[in-house]
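Each of the two complexes below includes subunit A, the first together with subunit B, the second together with subunit C.
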Partner chain A sequence: MLQEETDLSVIIAHIVQKLRSSRLSTQLGFQASVSLQKPEIKLESLKEDIKEFFRITGWEKKLQNAVYSELTVFPLPRHPAAPPEHLKEPLVYMRKAQGSWEKRILKSLNSMCTELSIPLARKRPVVEQKELLNKWNEMGTDEPDLSLFRPVYAPKDFLEVLINLRNPNYENGDHLNLRTHLGLIQVPLKVKYISELKDYFIELSLNTGQLGIDDATQVPPELFENEHVRLGQKVLAEQDSAAAQQYVRQGSPTALRAELWALILNVSNQPEDLLYYEQLKSNVIQHDLLVDSLIYKDVKLTASNDDYYFVFEDYLYQVLLCFSRDTSVLGHFAYNSASPPKSYIRGKLGMEDYAVFYPPNGVIPFHGFSMYVAPLCFLYHEPSKLYQIFREMYVRFFFRLHSISSHHSGIVSLCFLFETLLQTHLPQLFYHLREIGAQPLRISFKWMVRAFSGYLATDQLLLLWDRILGYNSLEILAVLAAAVFAFRAVNLMEVTSLAAAEAVLADLSTLKVMPLLQIFLFATVT
Partner chain B sequence: MSRVQVPCHIKGAVALQVGDVRTVQGRPGVLVIDVTFPTAGPIELQEITFKNYYTAFLSIRVRQPGSPNKWITCLRDYCLMPNPHNEEGAQDYVSLYKHQMLCDMEKVLELRLILRQPSPLWLNFTLEDLQFFQHGPQSPSSAFTKWLSHPAPYEQPALLLQQALPDPDKVSSEVQQMWMLTEMIRANRTTARIGRFDVSCPAASAFSPLALTWPGLTSSVCVTGGWLL
Partner chain C sequence: MSKSKVRKGQARSSVAVLPKEEGEAAEGPRTPASAPGRGWRRRAPPRLRMFLNAQREEKQKNHCSKGHGVSKVKERDQKLCIRFKCAVMNTLLDVLRCRPGWVEVKDEGEWDFYWCDVSWLRENFDHTYMDEHVRISHFRNHYELTRKNYMVKNLKRFRKQLEREMGKLEAAKCDFFPKTFELPSDYHLFVEEFRKTPGITWIMKPVARSQGKGIFLFRKLKDIMDWRKDVGRSDDQKDDIPVENYVAQRYIENPYLIGGRKFDLRVYVLVMSYLPLRAWLYRDGFVRFSNTRFTLSSIDDHYVHLTNVAVQKTSPDYDPEKGCKWMIQRFRQYLTSKHGPEAVETLFQDMDNIFIKSLQSVQKVIISDKHCFELYGYDILIDQNLKPWLLEVNASPSLAASSQEDYQLKTCLLEDTLHIVDMEGRLTGKEKRVGGFDLMWNDGPVSREEGIDLSGTGNFVANTHLGCNNDRKKQLRQLFHSFHNRKKVTG
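Right after this comes the complex of A and B.
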């Protein structure tokens, strides 16, 4: 009992410390001072009167939302003896693997830099700055010569690293034995069983209404849809983050989705945020980074070629170029197993005083990175709000999809969960695919790394991302990947090569996400 | 709750295994670590901290000066890894406190830590960075003199009321509110950086300064709530 109380007070102290430095605490202080002039605040009951004032004017709700977002995003304070690396990633061998992967990426970036003899960063001449400012809203029309650039890495390179991940304390042996996993991932991480998944995703069960299923044209809207929309409007009126997160587990109506996501991510469009975005924009205009060319190349290769997202090309540049200058993203490296790369001013290699993080936000984009932003363009039209939503989603979820970690939402756990689910529920299919040399993870990895963006139809993708926000976890991606394999199992049993298996699973754009998930979780006979 | 580390002598882990260690295949699932306190004598144990390395269950037995030949179990099968076959909890930092123990930890001569790892998947298991703590010295607050902690009540200024001035209590209460809030905010100054004085890196030939200060932001906040910062 004593231990839990001290834990709770440590957590409270930690959250109070964090919130005190935020803009919200200044605003609350100001509101409290303003409220003193009101007649209903009396000295004898000062504390209670101010608390009542906050409750009536909605500031208490804002504080609750801020505390809720602190609790869900940041991991709780660690044991006092644990070093900061332990918070990033508790397992030592995974930290080492992440470190060596990062070294490889940096080597690749540096070699590209020296090959093309382009500086990592340079100041733009004034003429170029003016030109860029004029063209800010139509950067897609720019056609720089990017033929010599290549993406730093692609998801399949990352998959090779994960396949070779080994725990030195684990009994592997060089030969196949009972302990070798049949899939590609060979580390024994904790993943949920199907019964645990059924409990975890209880709101997706067969007897609960879902948007994505119960809003189909054949179903009369009085049964579920109307009530759900009314409930959504109530949640928005209350401005409660936790309620919105719970609500969105059953899907969110298209009209309310943008506001609900902003509420869950605790993003509000204040003037200071607009100012911050403008500041980042001016940073983009003043300096040119090598990473910008990588972003251009990535957008041209992926989003511009996609039927759904090519219209948003300009927005993607506006968001991603600013994202790479945003140093507030560096904060998430406290709980990310990755570390931001450091670069040194020329001539001062190794001197910490002359070290900067490169790129300023510490994130090096890979092939397909722009697909994280593209679906959000359907929801938000104002660049600064779009930018903030993307940044929040990145520091909460997407960073886990391309760093090596033992977190239950990390990509390694997702891969292991996928393989375990497939082996448990479709053992024949798994065995067959393995025999023909088409390990299922090789096909589904690219879906999971991109969170299915670019593979599913947009409305289905947004329904899937509703659930990611609602459950605050990415495990649904692994469950969906297994459900897709289960759906196409009959065709897959007849293929005889990896290429044929990939062809069967090449086009997911006709799939409906929610029925697949429901059937796989709740209606499959095991 | 202050605590002081106790110097201890940790004997190497001894594996308990049935049969001959050399000929029998398979790894031992039980290790025993003995801990003595040669310099401190019988101590009052407050806390034990360590870093786990793939140990699943921990039991602790103590030997006390009251009954020097008897080992008393003070912690039985404490679970460090919820599933011994998975990595969960495998490399966590753990603290065990006096109140979690089954027996009295007033006087401890010697400790015996019994580690169990039933899963055959792991090659080794142990506890690292074992540290033992006892109660620190009493904080000096009890030595506070009475007159510091109980300020004298102030006397009523009876004179002023006769001169038809406003009630000093009412006036002072309104001033009090403002003063109280300023004091609270000043006392609770946060240590986190606002970023007001972020300096960009010195400009150099190849690498450009990546200046990301917020001058506009901090000044606007200053205007609205200047006296709070």
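Right after this comes the complex of A and C.
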């Protein structure tokens, strides 16, 4: 009891401290002082009256949303005496693995830099600045010579690192023994069983209406869809983050999705946000970073070639270039097992005073990074709002997909969850694929790293991301990956090589996500 | 999804390119029937090929009568044999060859079905005798709808008639065509209009050419003064008219942009007869994007303003890997998430209005021959106020595929067209939907609801589903299942 109370007070203190420095507290203070003019506010019951005033005018809701947002995003220290590294990642061997992976990436970046003799950063000459400003809305028309650049790493390189992760407390030896896992991931992480998943994803059950299933043409809209849309409109009218998050677990109607996601992520388009975006834009114009070329290359290679997202090419540049200059993103490294790479001013290597984070936001893009942004272009058309939504999505979810950690939504756990689900529920398929040298994770890894962006049809992808937001967890990606294998199990049983297995699973664009998830979770005989 | 894209023009066929008059049917170097370079040509399954071969042998053993369209072998014999001829060498040929019971005839053989091109039509239609069951894929004087100058005339006339009969409000529904003047005949009227609204941009289009050829934009009369001098040098020899006709049309300066790019819609409408007017609307279609960003400052940049894929392909930016098309379903979803379902519903209703009014305007002029049907490709442009504008109607929409998705769409489109033409006699004539086609107009508006005609009341919802879910396979199964049941009953 006492422990809980102490925990709670720690949590409250922590949140109060965070919010006190935010814009919201200034606004609340201002609103409170304005309210003093009102006749309802009496000196005797000042506190209650002001609280009532906040409640009526919707400011209380905004505060609630901010608190909820903090609770969701920022994990709290499990123990008051825990050092900050534990917040990033409690397991030492994982931290070490992440550290050495980062060293490799940085080495690769530096060697590319010296090879091409391009500085990591340079100030643009005025002429170039003017040119870029003119072309800001159509950077896609630019065709810089990118042939010498290569992406710093691709998902499959990262997979190799994960495969070689070992827990030093386990004596595995070099040969197979009882403790060796049949899949590729060899670390013992705690993941949910299917019974736990059924409880966790209870809103996806067969008895509950879903968008993605119960809005199909044959189903009369009165049964579910109309009511659900009405409910969505009510949630938006109330402007309640927590309610919105609960609501989208059953899917979000297309027309309401943009606003609902903004509400859940607590993104509003304040003038300060616009100003901030403009400032980032001017940073882009003034300085050119090596990372920019990597971004260009990535967009040209992935999103521009995609049937659906090529149209949004220009938006992608506008978002990603600004993203790499945004130092507020550094805040998320407090709970990300990764650390931002450091670079030193020329000639001052090793001297901390001359260290800067490079890129300014600490995130080095890899091959396929732009696909995180592309589906969002479908919903948000105004660059600064699109930017904020993407930044929020990144610091809440996407960063976990390319850093090594033991978090239940981290990519390692997702891989392990996927393999466990497959082994437990489709043992024959798993064994067969393993025998022919087609470990299932080799195929599904790229889907999960990209959160299925670019593999599923956009409307299905957005339904999937609804659930990611709704459950505040990426575990659904692993479940979907397993469900896809289950769906194509018959064909997969007949293949005899990795290439053939890849071919069976090459095209996911016709899949309907929600029926697959429902069947796998709730309708498979275990 | 990075799809492997088609590279047009990789394989050259030795077949001479047939001259095409209008629409987009001329695609340049022919690729062998269907193979858009990557080998996904569909071949008839072995059983069917044997069956078709057997049919051919059978036919050769039997006699051949004179004239086109020997009546097909009775169905009761279970030997369905429909002889077809096809002037285009692409997706359509695949679809026809795969159809059970359909046999290709070459050169001078008799046929029951001919997907012809318009030049053949012009030369031979009047001297050809056709049996009752024979079908041909064009109306004799389709150019009343598809030639820009005729269409303008017909639409203007129809609008006047509507205004007389039903008032200004109804006539205003015909205002989906930007102000157009035929040149050189209406030159003075055009100049008058031009002077009334100075500073706006006009677009000059040749009446009978396709694929964006010969089109240019202008803002000053001086620009076309120079052109007028050159007009004698017309090089369109295939045209009957000695001087090439142009139309000057008001250019839509505020098109709806997606990703900063201009686009237009291609929608397919199948007309089975004009008297009475029976028209079907296909659920799928696509959106064609311009490859460069839209700006009014570069009038000379041919590539920005014309979204025709043929022109885009010659743009220096053009990357064939990019494929500048979206399916209409995705476009509809995009608009819904941006503007809400009601606005989108209104937009699509306005488009329905375009299709119907344009067909009604030529209804009395086109010779409605029971042998004819026609698949039109409508080009629609949407402006920033979500108002649709009709750019043109194509009688020979391109059936070549530029990607796997495109191939899929066109194959299904053509299969469903052939289902509706119904040479096999499987339909009752009461269907409101066949595969991906919805019956849009059946001598009157067609309602989604069954039973009584609610067109007078406010509850009328049109039976069109453009951009909606197309579960055609399932629908076709149900449709033909009931046909089989009927057959069993009648013996």
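Methods note: the second predicted complex is superposed on the first by the 524 of 526 C-alpha atoms of A that agree within 3 Å, B and C clash if a C-alpha of one lies under 4 Å from a C-alpha of the other, contacts with A are read in each partner's own complex, and residues count from 1 in each chain.
Note that in this section a contact is a pair of C-beta atoms (placed from the backbone, for glycine too) under 8 Å apart; a residue touches a chain by one contact, two chains touch by 3 or more.
Keep in mind it's a predicted model, so treat the numbers as computed, not measured.
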| request: For A:17, select first, second, both or neither according to whether it touches subunit B, subunit C, the two together, or no partner. | output: first
| said: For A:105 in the superposed arrangement: first (subunit B), second (subunit C), both or neither? | reply: neither
| request: Pick one for A:255: touches subunit B only (first), subunit C only (second), both, or neither. | output: second
| request: Could you figure out whether subunit B or subunit C reaches more residues of subunit A? | output: B
| request: Mind working out whether A:498 is in touch with subunit B, subunit C, both or neither, as first, second, both or neither? | output: neither
| task | Report for A:314: first if it touches subunit B alone, second if subunit C alone, otherwise both or neither. | result | second
| message | For A:343 in the superposed arrangement: first (subunit B), second (subunit C), both or neither? | response | first
| query | Which residues of subunit A are in contact with subunit B in one complex and with subunit C in the other? | reply | none
| message | With touch defined as at the start, can you tell me which subunit B residues reach subunit A in the complex? | response | 49, 51, 53-54, 82-83, 85-88, 90-95, 97, 99-100, 120-125, 129, 131, 173-174, 176-178, 181, 185, 188, 190-194, 201-212, 214, 216-217, 220-221, 224-225, 228-229
| Given the complex with subunit B, which residues does subunit A contribute to the contact? | 2-3, 17-18, 20-21, 23, 26-27, 29-30, 32-33, 36, 43, 46, 78-79, 81-82, 86, 90-92, 119-123, 167-171, 179, 187-190, 271-272, 275-276, 279, 283, 287, 325-327, 343, 345-347, 354, 356, 360, 406
| In their shared complex, at which residues does subunit C touch subunit A? | 1-3, 258-261, 289, 292-293, 317, 319, 321-326, 330, 333-334, 336-338, 340-341, 403, 405, 468-469, 471
| task | Over in the complex, which subunit A residues touch subunit C? Could you list them? | result | 137-138, 140-141, 216-217, 254-255, 257-258, 302, 304-308, 310-315, 377-379, 381, 454-455, 458-459, 507, 509
